[in-house]
Amino acid sequence: MSLFFIVALPFLGALLPGIMNSAGRAACAGVTFTVSLAAFVGLLTNLPAVLAGEVVTARVEWMPELGLNFTLMLDGLGFFFAFLILGIGLLIITYGRHYLSRDDHMGEFFTYLLLFQGAMVGIVLSDNILLLLVFWELTSLSSFLLIGYWKHLPEGRQGARMALTVTGMGGLAMIGGMLILGQIAGSYDLSVILQNREAIQADPLYVPALILILLGCFTKSAQFPFHFWLPHAMAAPTPVSAYLHSATMVKAGIFLMARMWPVLSGTPEWFVIVTTAGLITMVLGSVIALFKHDLKALLAFSTVSHLGLITMLLGTGTTFGAFAAVFHILNHATFKAALFMSAGIVDHEAKTRDIRQLGGLRTLMPVTFTIATLAALSMAGIPFLNGFLSKEMMLEETTHTVLFGVWWLVPALATFGSLMSAAYCFRFIGHTFLGPVRDDYPAKPHDPNAGMWMPPALLVVLVVVIGVAPFLVQDFVILVAKAVIGGTADLEVKYIKIWHGLVPALYMSVAAVVGGLLVVAIFKPLLKIWDAAPRPEAKVIFEAIVETAAAAARGFTHSLHNGAFTRYAMIGFVAIVAAGYHAWATGTVGAATRDLQEAGAVPIAGWAMLVASTVGLVFLHRNRFLALILIGIVGLMVSIGFVFLSAPDLAMTQFTVEVVTIILLLLALNFLPKQTPVESTALRRIRDAGVAIAGGLATFALAYHYLLRDAVSTPISEFHLANSYKGGGGTNVVNVILVDFRGFDTYGEIIVLGIAALLIYALTETLLNGPVRRRLLNRLPDQPRAGDMHPMMMVVLTRVIMPVVLMVGFYIFLRGHNEPGGGFIAGLVVSIAVVMQYMASGFSWAAARIRYPYHGIIGAGVLIAGLTGIGSWFVGKPFLTSDFTYVRIPPFNEFELATAALFDLGVFQAVVGAVMLSLESFSRLAHRPNTPESDHPMDIDPSRDEAPPVVPGLEKEGG
Amino acid sequence: MGAAFRWLMPHPFLTLILAVVWVLLQNNVTAGMVVFGIILGILIPWITSAWWPDTPKGFRLGKMLSYSVIVIWDIVVANIQVAWIVLTVPNSKLKPAWIVVPLKLKQPEAITVLAGTITLTPGTVSADLSDEGHSLLVHVLHTDDPDGVRDEIKDRYERRLLEIFV
Amino acid sequence: MSHWIIAPIILPALLAPFIVLAARYHIGIQRVFSVAGVLALIAIAGALAWQVSDGSVIYYRLSDWAAPFGIVVVGDRLSTMMVLLTSLLALFVLLYAIGSGWDDRGRHFHALFQFQLMGILGAFLTGDLFNLFVFFEVLLIASYGLMIHAGGNARLRAGVQYVLFNLIGSTLFLFALGSLYAETGTLNMADLAQRVTEIPAEETVGIRVAAVLLLLVFAIKAALVPLHFWLPSSYAEAPAPVAALFAIMTKVGAYAIIRVYTMIFPPDLEVTSGLHDLWLLPAALVSLAIGMVGVLAAKKMDRLVAYSIVGSMGMVMVAISLFSPEGIAAALYYIVHSTLAGAVLFLISDLVRTGRGNVDLTSQPPMMGTYLTAAMFFAGAIAMAGLPPLSGFLGKLLVLDASFDSTLVVWVWAVVLTSSLISIMGFARAGSVVFWKAHSLPTMEEPVEVASRPSMLAYAATGGLFALLTLHTVFAGQVHGYTTTMAKQLFAPDAYMSVVLETPGKLSKPKTEEEK
Amino acid sequence: MTAAALMNLAVIVAFLALAAGQVLSMVRLVIGPTSGDRILALDTMVINALGLVIVLGIHQGLEVYFEVSLLIAMLGFVSTVALARFILRGDIIE
Amino acid sequence: MELLVASAIGVMTAGGVYLVLRLRTFPVILGISLLTYAVNVFLFASGRLTVGAPPILRDDITAYADPLPQALVLTAIVISFGMTAVVVMIGLGAFLGSDDDHVDEQPEPETTEGET
Amino acid sequence: MMLETLAIYAAATSLLIGSGFVLVGVIGLLKFNDPMTRLHAPTKVGTVGIGMLLLASMFSAYADGDASIHEALIMAFLFVTAPVSANFIAKVNIHKRDCDTPPSPPRDDTWSTLRTPEEDQS
């Protein structure tokens, strides 16, 4: 079967259990088993090729530019691991089907399990280190889900996050390492990288790469100092622990070290780091395991210890070490999975895993006892069981290993580790199964059904078979070991023997077993010492670190983003000025190319007014009404400046906008406090003033710089001046630019205005339909009010002047193309005319007489502008292309008809609609439906003295 | 005919004003401009008629013109007077006063013209209207004889306006 | 001249006023037109992207005036891809808004939505800097409207800050444009690119300041630290579909930086050397770090997502600031990813809100629709945290790979990898609290009043974005290959410039002919 | 004195008078003390600005400032009324 | 003349920045308005300063003020008007909802929960 | 030719007179010590001042050869609106009690500004 299928099957099959959950537990497990089995069989179909020494490959490109491709390969090492993963997987599925209770969501469980299985198979079959990274992280993710499977357990959630964080961290480090490796080798394909041992080890980046990759391996394989997450992952259901934390995932790190062995090993750095970490882990794990009361915790630390052992073997960098490591991987997988399942059975039956509550199960659960004992003895290194063989090889290897120049260091520690290992195995057997039968088990224990004990039993059979007849697997182990060391080095073939003679390893072994028994004998006093000794609790430390990190992150983030706009603005201003200054300071300043123009008294007076009003505004801004007047003067002065500097259109626009803005601000100020209180400290004001002055100096310098220099080449506006009349049909070049040369800008501009109005309307609606409404209705004026709402003089004047202003608006609109003016200013003028009417006779009276909805006016305006643009398509011209002609109809003078005028009409409409809709929305906030509405345009009208009372409603002609 | 005219031209005087405004805006008196001005003068009041519902009755244009001449003359004289007061009379010697002008005028347009005239002419500003609209409050800048000012207002302006707005 | 290239701008610009004019009281009709418009946009965008995929440049003269005198719209690989991305995002966001009923919780949602699209698409397509300003304003003001859609006090208060900060940004933009015009006398991007080369070495302050001010403007849009402060609150408080749409808005800033600082002020331009190439990368790294730290710090899921947007923009900017073809290619791949991932997370956050009434990261009884929502959150978190197998991981690899030659490579790698870890911690913490811890609490007798099961359409829309993310992952090779050609096109802007500057328009001959 | 010289002088005098008028009005605006004074001062400043534009038109011999003057004349009034209404009623459109 | 215009820009910018840094929305909006004036004049000045030559074509005149910045400023004025209206409205809405016109978020009591 | 020269003289004279009036108006604004009296100066004197400037503009235009009448429109605007502006400012002064309290009207209750609005009575 293609390697792709082997990897893909678990992933694709992962969907099935989730879907099949409702079909029943048997179906759910069945389909999972089938999927796994299919992959397993698929793997086996490749066995002949592997045994023949071939490397099976498959390749599909994914991201060729990056070098990340679906490149898979199957050699001895890969086969070995895949075999373990899928084979043990089948057993775990069988076991899990019986282990999970009826309350557990089995579909979810098996989905996660298959995802994990796929990821693991992916790791071991990857021929591309980036692809390997993908699967690597996938195992972290799927194990996160599996560990946290029992969501209601805090230990599960915490264990899951701890595992994810630690292995995630390692994974991220490994990304770095792998990328360096790929950069050195020039490819991310393993097959290429494995050929580049010399180049890689000679590269200055070898050490960083090595450290980063080992970080990944050590975290995944729970090597010191990252061993602490593994015991907490034991909160997972036992099948998970058995599968992930003994047989497969934790071995991923080991696998990777084995996989990269040809290129990474053999250097002093590798030796020191890997061996030391392995040795410490082995010793530490075994010591902790001894004192664990939770069966699974005990097993977990034993796993840590054994992984340390394997790591140490790989660290030696010798071929024999690699060979021994491979063999121990195999053996450990068999006995450890069996042990986990046994522990699970005990837990399942006795409803406790606490070793202190157990004992005497030998007679109650004979089958389980047999299985567990054989597996534990194998782990303890008792002859004729497979654990003995590989442990002896390990001890043998240590006698050739000299660390830090001390010859006895490694053998002594290894022996001590083995001793402790034997001790906890004996304790496991003794305190669980031996001793008197108790009467206080949480539940009455008995052997489970065959579905649960058969899987571990199968494994124990292997334990015994390999232990007695190691030659059966010898060729296979050699094959795998060869794959590890790669084609470059020769494996000094050693036959696996039970009896090597009286070699040091044997003495060490004996010492370990005897010592182990002794330790168990004096366990109680040892435990007292252990309990009394202070020792860091990983869980507490981890949680403290995470919570500290989170608290620090919170403290940092929330103090940085404290919701203070003033702070954000301050930082922004400082950043802008600083960046601008830096750009300036690192540049060159040439001589001025333009002369200063003389300024007469009038500009100076205007300037003084502008400065005075600005400064006045800054100092008097707390009086908001006065501030409004002052900003009005600033605007007025700017307008006058525009007039002076040859920009009549701008002056008109600025001035009209100013008026509308003031009206708008007055409408808003009606609701707001009329004074701004003093809240900031003097120091803060000084600081703000400092920033403000820096900003002012910056813009001053910049403006002055540009004003004294010409542009680097002729401004494009030369073209506009030259072609405005010829091509645009207008003599007001500014207007022609607006409606023709850059009509597209104007199109966007009126849309901005239209959106503003829609927004204001929408928000008003929202406010009036929300909790604000009540507040508005109950609002009392915060200042005394005069009696005359709609003064007569104003009303009468408006009657005459509004039509005149409308006419002026029309005039400005028409003239815009050739003289100052245009649709925008006209629109503002017309709006102001209508606003005058609103101010004179009030909102209700005036609004009732408006014939056109402002929404419609905006929409129509924007549409007209757009459709005018589209109109040019029909004559084969681009959007907004203008055309014009001159016509003469007596008695009128010749006049110009331009499509630009139509566009300008759209502008005009949009402006009128937008301004009016905005102002109307503001007014609606103040409008109170419960106040009496006037039927008259003015409050006081003596001509009504004799007139009959007006019937309300009749007056609303044209409304 | 009358109704149709009223509908077409709710405020004939306004139409006239608008036509003049149009010609002034164009800064150019041609036939075309005048015609166009009249068209606009009809069109715009028609659009805005809803906001000027009641047409003032019996407006006398001729008398209005002569009234305007008087007012313009008064404005010129008054301004010189006020300028003199501003420049020469010290604050301590200034004798400002409130005067109340009881109104015979009823039409808002008429009252407004009167109030406007008062503001534009000798040292007086129309400040307020009483709450039923029967008296006008006027502020005088400098006078020894408030009642005389009141009588002159009534005689010189209100009397004429009563003839214009019948 | 084919008119299709301006269709992405004109279509929403006509549709929106039409909706206002004809359908403002009928939410059903609005929905139909809005969705139909977006579907049409997708078709048009797809066709345009296809048309320029061979490396050609489509060019359109508005009002028939040739560049640089008139405004031109230019479509190349980059701009059309951004248009397509925006349209696709818009479809699912719109469907979500409809499915969740968000569009009916205030007025004018659909009109504002269309205008928002117009602004964004215009910004991607225009070839004129002042016109870019106008489109920025269009997209901003529409975004203000959408951001405060449906009102509410917290939202309005956040809205005030959002608007104010962007007003400062708009002001800065005008300062930058004034400086550029004063210095060069032109506004067209291609023309600018030509004119800056004429600036003498003894007179560089003008153009240097202009270049920096413009960069700062775009940096505000791209939420680059220390100009990012506007983002977290406003994105968190915005209605979810709006926030999801906003995921593309930060990319407008990134796009503009890519465009302007590869064509007009490329890294090898003498007069502006030592500016953006100096401190853009550090700022990007700090953004990435601050964003991901914010993920860990967040107390609410919507804030968490908002901070992740800051972080992912940091990542994008890291890649951009390498200013190499590889870096830009990586950035463009990552831009697509982070847009989709950010949007999807905002929608999921809203699914949570719908399911339990709030998005506080505190344990509460199980919500409605937990399983699907939890699964989606898990996937979204994987994408955003840059874990395999989704595109975030691939993007991260691309960025790391591209940064290998940078002098700051150690910093890049350290920050990228560390911030990944922090975000993993943050997402795991959040997911665990919201989705797992709930199981340890008793189920409520009566469900929270405000909680309800999200609608199928809402799930489907979210799922649709996931489908896009998946496609982005599965076809990562093809997409990255395309972004690589895109980056190459960007670093050889001569073709773009010659198309823009050498095509005659009304009353004008191309510049080069005049010179000959 | 020739007509042109007189005209030149007159223009300068007018400019100075208007400028002085602006500055003095500004003084009144700042010292107030009443709201009425401030509105009045602003109104005066707008009128003076209008005067400036007119004189500028005379000075430069350009017609194009007419529209500007017209607008100032029309709209200055509106802002004065709006400000006064605000003091009188709070709500300027009611 | 150039000095006057440039310094006016500087003064308005400084005033604007100072007001933007105030604590209430109203002065902040006034500050933004000042900044808008400053930048409008700046943008206008990018066409350099010309007295008495508005860009309205006349038969006998060849020199005009640069019309392009004028058109740009006009667009900018219109846009900033729309923006001002919007920010005033949103600010007002926020004030009406909370009776508080601080521009900064006001601190609220701390509530956090660790995940264990 | 003669007429044009005369027009220039007229324009100059109008300018001088106008600016004089403008100045006087502002002096009044500054000099008087009561809000109501301050109101007199600029609203009227200023108006005439600007009127003279407009007249100057008309003369000047005539001197330049293109007769101009549209200044009259501005003048009309000013003359029509000035009283209303003054009226509003006077009302502000009365309302804010910034001036002497006016005598009661003979026929009606009070001045319209001083009447407390119904909805404010409580």
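Chains: A, B, C, D, E and F, in written order; residue numbering restarts at 1 for each.
In the analysis below, a residue touches a chain if its C-beta (ideal position, glycine included) is under 8 Å from a C-beta of that chain, and two chains touch if they have at least 3 such contacts.
A quick note: this is a predicted structure, and the numbers were derived from the prediction, not measured.
Summarising the inter-chain layout, the chain whose CA centre lies farthest from the centre of subunit D is A.
Measuring from the average of all protein CA coordinates, the nearest chain centre is that of C.
The interface holding more C-beta pairs in contact, when A-F is weighed against D-E, is A-F.
Of all chains, the one whose Cα centroid sits at the greatest distance from that of subunit C is B.
For the pair subunit B and subunit D, the distance between C-alpha centroids works out to 23 Å. Distance from the subunit C centre to the subunit F centre is 56 Å, each centre being the mean of its Cα atoms.
Averaged C-alpha coordinates give centres for subunit D and subunit F that are 11 Å from one another. Chain contacts: subunit B has residues 21, 25-27, 115-116, 126, 128-134 touching two or more partner chains. The multi-chain contact residues of subunit F, meaning those touching 2 or more other chains, are 20, 25, 27, 39, 43, 47, 68, 70, 73, 77, 80-81, 83-84, 87-88, 90-91, 93-95, 110, 112-113, 115. Residues of subunit D in contact with at least two other chains: 16, 18, 20, 35, 39, 63-64, 66, 70, 74, 81, 85, 87-88. Interface of subunit B with subunit F (complex): residues 21, 24-27, 75-76, 78-79, 82-83, 86-87, 91, 94, 96, 98, 100, 102, 115-120, 123, 125-135, 137, 139, 141. Those residues of subunit D lying in contact with subunit E across their complex are 60, 62, 64. Taken together, the subunit A residues at the contact with subunit C in this complex read 61-68, 130, 133-138, 140-141, 144-145, 148, 151-154, 157, 160-161, 164-165, 168-169, 172-173, 175-176, 179, 183, 546, 549-550, 553-558, 560-561, 563, 565, 567-569, 571-573, 575-576, 579-580, 582-584, 586-590, 699, 702, 705-707, 709, 711-717, 719-720, 723, 726-727, 740-745, 747-749, 751-752, 754-756, 758-759, 761-763, 765-767, 770, 855-856, 858-863, 866-867, 869-870, 872-873, 877-882. Listed in rising order, the residues of subunit D touching subunit F in the complex are 3-4, 6-7, 9-11, 13-14, 16-18, 20-21, 24-25, 27-28, 34-37, 39-41, 43-44, 47-48, 50-51, 54-55, 57-58, 61, 63, 66, 69-70, 73-74, 77, 80-81, 84-85, 87-88. Subunit F meets subunit D in the complex at residues 5, 8-9, 11-13, 15-16, 18-20, 22-23, 25-27, 29-30, 35, 38-39, 42-43, 46-47, 49-50, 53-54, 56-57, 60-61, 64, 66, 68, 70-71, 73-74, 77-78, 81, 84-85, 88-93, 95-96, 98, 113.
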